[in-house]
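Letters A, B, C and D mark the chains as written, and numbering starts fresh at 1 in each.
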Amino acid sequence: MVEPGTLDVRAKQATRRWNLQGLMVVLFLALFPFLASLVTGEPPDAGRPKFWQGLLIQAYIFAVYALSYDILMGYTGILSFGHAMFFGTGVYATAMLLKHAEWGLGQIFLAVLLITFVQGVLFGLVSLRVKGVYFAMVTLAFAEAFYILSEATDFRRWTGAEDGLHGIPVPDFINPTDQRLRFYYLALGFALIVYLIARRVVNSPTGRVIVAIRENETRAATLGYNTFAYKLIAFVFSGVLAGLAGMVHALWNLNASPAVLSVNTTINALLMTIIGGAGTLVGPMLGAGVLQLLGYVLSRTFGPRWPLVFGVVFILIVLFLPYGIVGTWNRWRAHSSTKDKPSLSSK
Amino acid sequence: MRRYRAVLIALAIAVVGIGLVGRSMKPGTLVATLLSGLTLGALYFLIAAGLSLIFGLMDVLNFAHGTLFMLGAYVAWTWVQNPHGLLLWAGLVLAVAGGSATAAWWLNWSPDRRPGRWTRRWLVAVGVALIGVTAWQWLRWPQALTLLLAAGGGLAVGLGAFRPPVVRPPHRRLVWRGVAVVGLLLVTVLLDAQGPTLASAVAGWGSNAKFVSAIVVGTLAGAVAGALMEWSLIRPLYERPIYQVLLTLGIVFAGNEVARAIWGVGAKRMEKPGWFGQPCRSESLAAWVYEQCASVTVLGRSFPTYRLFVIVLGVLLFVALIVLLRRSRLGMIIRAGVQDREMVEALGINVRQVFTLVFALGAGLAALGGVAAAPFVGVYPEMGLEYMLQAFIVVVIGGMGSVPGAALGALLVGLARAFGDYIVLSGVSLPWMEKAVRMSPSIARASTVLIMAIVLMVRPAGLFGEEE
Amino acid sequence: MTQEIILETRDLAKHFGGLKAVGGVNLRVRAGSLHAIIGPNGAGKTTLFNLISGHLKPTRGQVFLRGQDVTGLPPHRLAHMGLGRSFQITNIFPNLTVLENVRLAVQARGPDNFKLWHDYRRFSRYISRAREVIEYVSLKGKEHLLASALSHGDKRKLELAILLASDPDILLLDEPTAGMASEDVPELMRIVEHIRQTTGKTILLVEHNMDVVMRVSERITVMHRGRVLAEGTPQEIAANEAVQEAYLGSWGTRTG
Amino acid sequence: MSALLDVQDVHTFIGQFHILEGVSLRVEEGQITALLGRNGAGKTTTLRTIMGMTPPARGAIFFDGRPIHGLPTYEVAQLGIGYVPDYRAIFRHLTVEENLHLAERRKGDLKRKADFIYHLFPDLARLRHLKGGQLSGGQQQMLAIARVLVPDNRLLLIDEPTEGLAPVLVEQLVEAIRQLREQTTVLLVEQNFAVARHLADTFVIVDDGRTVCQGTMEELANDPATVHRYLGVAVGGEA
């Protein structure tokens, strides 16, 4: 795997190339509403451009969510099946605080940060005691417990039970319907900032240790790294990011339903990561975009049965494209570059 | 000894727990709650035993195990309600299976024909597309043509998924495989021709006959689905365990959607067999034998007789499994294989075949659980996930790979659920509270996770698990 | 020569079920010495290493590091106390570059492991130290190869480099030449000797290759069936009859 | 006369490690052949390659004139090859008798061979109902060998049978293997050179994953330079 994080000179050039390409993509996305308006002849804040922005906003939110998942799966190498817990907590915390407590956005942001942090530490401490598929099982069980509680009639007053919360009052200046363009830039900025933060973290000394744990946990421990602590850091960090994605999700959809805590939400994260390519930051974000568009196209062609097609696509990807789009691309590139320089490969 | 210590700890917890809660209960209520717990425990055990066995032997955590449970329930329900439709679908599945079997057999027979890598992928794509179209058009096209198409799709998938061996297996074995393939295709044709007759015959049966045959059909369907799943999807991924887990999760997703597509979203209830169905109340079990009432009096309270049947079923299967593991050659192979697969193979035993068999066995057990559950918890798309989660908790508590562990875990979780339900429904009153707080059963359902967390803190490998 | 005892085991034992892999070993390693443990296959050498490095918990007995009881501490704690080990089966980070493999080992002993907000490339002292170590084990020029792409001999060197980079006081080397082509063995042993001479570190070595052991070590402990059979200088060991029997087979010397 | 087992220039990879880089050897029917070489030379991998546990990437293996490379392990075993791995691989949770039963290839194998096996290893008869995990190292080794005697194997691959055993047990085991020779052919990996010299008729030395020499045991015993060079038995020599 050629990562943009290695010290290789060629990799450094590649990083620069990535940065340039990335910049162009961001620029394109930033100009997208106006480009769309140019193409369709409709104003950027109405009609088709507005609708397309909506699709992209959802994609940005899921991009952050998928990225957070990949920090666990792709970088730390631990398979969690309970990621929806963090996302859903973010959604519900935001929805409940807006609807019942009428907090400001800044306070809510801090609250979500704090809640998911505590959640990450608590559940990480318990579930990281086991490894591999046990971890997957245990996290799934914890997440399902949250799902069940979100549907419990006992808390209907706060959570709306199986109906969820609807009509969440958001401040007018970022109302996703009236201020679509503004919300578009908010979501884009959010995804961009989270990406930059995540990139810094995975390239920090701690981030490198996390990758080392993925590669060979015993060896990392023998070097003197307390692997449990690092795994916990990764778990909490990933959880907090997922929670923030949930917060924006609530602001965008103006509702909170138990579905955000269900297994399907976790499977979505998995799907985006697998499609895009685990172990890279760009991959899952790309995967989120692909999935969002694919979902849109599939739901138009297949109607209500599109999740079924989706499941089949997922199975096929697991069987035949295990490294995802970015991973396969990287491998293919690394392969073609070693062809010119046979010294790189072992005898 | 260690093992018994685990059992003692678990029993002690159960006894103390029941004692604490039971103090405030009338004896009739206590027994009824205990029996409810046992009923749930029996269901959990049926799922957890297979899950645990499969994991122990082949290191596969089958997330789709709950889907097989659901499949059993749906198939049984359909068998009782609409045998005709079920036989139609069975024909389709058999056609696909027959096609893939033919392909695999043919590849074994002629080692020179090796489709290239890309050819294989294209074949898979074509095959899947064919099956998809067939399924799509299923009810519109003439049946024989559809079956033919499905078999062709299966053939393509088989060609794509199986790598021909470098050295041909012995002649004798190939002949046997050929016989099996032809047999499979024959059954398909037979089903195609005689399906409607059989279906109308089944529709005319009484409720007891329907129920017994539903148990057989549901279990078989689960076992066949499990074997097919292992053979086609999981087997290529034994080298990549993480992807195996991802794949089974994908099957959960797809399975739920398939169930919704075929059977719709609503809950269905399977009719109880006549033996447990008369709208009356027997005074004792002996009286029930004559009256066949739906409920029986236990210490002054009525308890559904069907649930007693589920408990008996669970206990019987536990005993049968233990006997199978301890006494039979298959059991010996499983016990040895859990420790060292490679060495079992070096003794000349085809472990892959045993894997498929055990997968089918586990899947069959889960499906049987589904059939048993259908008349009293209903049939709905989410049931697979719901029961599988409890089964996960059961195996985490009991320890992966141990059937007695699964039984003990199932017992604990079942009892916890039953008493939890009782507590939350009757209300919790602590000394400083003015009135008891009542809660919904969801709370009890979610709180079994707590038991798992506690066990994990104390014994990460579970009560019966071996520490590494 | 009265050097302090840096590592000591007292009656250290490990039983696996019925099998006594290590059955009461007393070992005293002097600071700054090169101490070899030899013995036929299955004598319990690797198990002894695993007990000392904390990868296994002993059935009974204790391990002392500089006089301090460290029995049962986890490997990462022992690493911080200056105990580093290599593995018989190459144990590296396969999908990271050679430099990154070594750099991670250097970083492990530094104070910056929990800095989440700085680019790791800015901590240039780790990188330059890593480059030093890589040069030391003569892997220079291969810094940017993925570890998995190295030849077996180079992997053994990388293993040594990782160990060295974490700057331990005691190096436990578990068959550093295992599986190496015989022409590469002398070079690796030269590196090992060089380490001891220039850094004064204590080296505890498990090795099969008797030639190597006889040449480089100061003291040798011979293990046989989980117990210490003999201990002494190479000369003493070479002259010891019990040792000869253990290697050639006690049974063989009588009949053959 | 064609050899019972003929391994021709076999190359084996484990993951990306090229472990065997050209191993060739012949085992004649009715003889004991010793496979020698230092630690990590590829002896165990050679046996595992023959068994199909780590299939060869290149080269050919013939058993009784029939190609067996690429066959799954169980089919190799069914042709009549028994494998005793160096870690013995006794099934801990099965009793001694169950361990033996499991090795049956046809019903009644054990009944037929029980007398012979229990005569060879009287200890096992006594421990028949004990779990495999409760046996001592030496007893486990005996069970591991007894296990491949249950079916009618034509070739036994035995990996380091005397490893870590007490001298008395070594003696007992060597005696047992000598008796086997009258019944079947053995390919033996042995570190204890004295044992190998005593038991084997012919030898093969592998080093760095290649066959370096092959011949009769007599020749090897008279060639201390080769022994020294490839087996590293230098005790007693100059330091």
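The rule is short, and it goes like this: contacts are C-beta pairs under 8 Å (C-beta built on N, C-alpha and C of every residue); 3 or more make two chains touch, one makes a residue touch a chain.
Values in this document were obtained by computation on a predicted structure and should not be read as measured data.
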*Out of A-B and B-D, which chain pair has the most contact pairs?*
A-B
_Nearest-to-centre chain - CA centroid comparison_ = B
*Which chain maximises the distance between its CA centroid and that of chain D?*
A
*Could you give the separation in Å between the centres of chain A and chain B, each centre being the mean of its C-alpha atoms?*
33
*Any idea how many Å lie between the Cα centroids of chain B and chain C?*
50
*Using CA atom averages as chain centres, what separation in Å is found between chain B and chain D?*
43
*Taking each residue of chain C in turn, which ones touch at least two of the other chains?*
148
_Give the residues of chain A touching no fewer than two other chains, as numbers and ranges._
346-347
*chain C to chain A touching residues, read off their complex*: 53, 55, 74-76, 79-80, 84-85, 87, 91-97, 99-100, 103-105, 107-109, 112-121, 123, 127, 143-145, 148-151, 162, 166
*Within the complex, which stretch of chain A touches chain C?*
1, 6-10, 200-201, 203-209, 211-212, 215-216, 218-227, 233, 237, 344-347
*Residue ranges of chain D in contact with chain C within the complex*: 16-17, 38-40, 92, 133-137, 140, 160, 162-167, 170-171, 174, 191-195, 197-198, 207-208, 232-237, 239
_Contact set on chain B toward chain D in their complex_ = 165-167, 169-170, 329, 332-333, 335-336, 338-340, 342-352
_Taking the touch rule as given, give the residues of chain B at its contact with chain A in the complex, in rising order._
55, 61, 63, 121, 124, 128, 132, 233, 236-237, 240-243, 245-247, 249-255, 257-258, 261, 385, 389, 392-393, 395-396, 400, 439-440, 442-443, 445-447, 449, 452-453, 456-457, 460
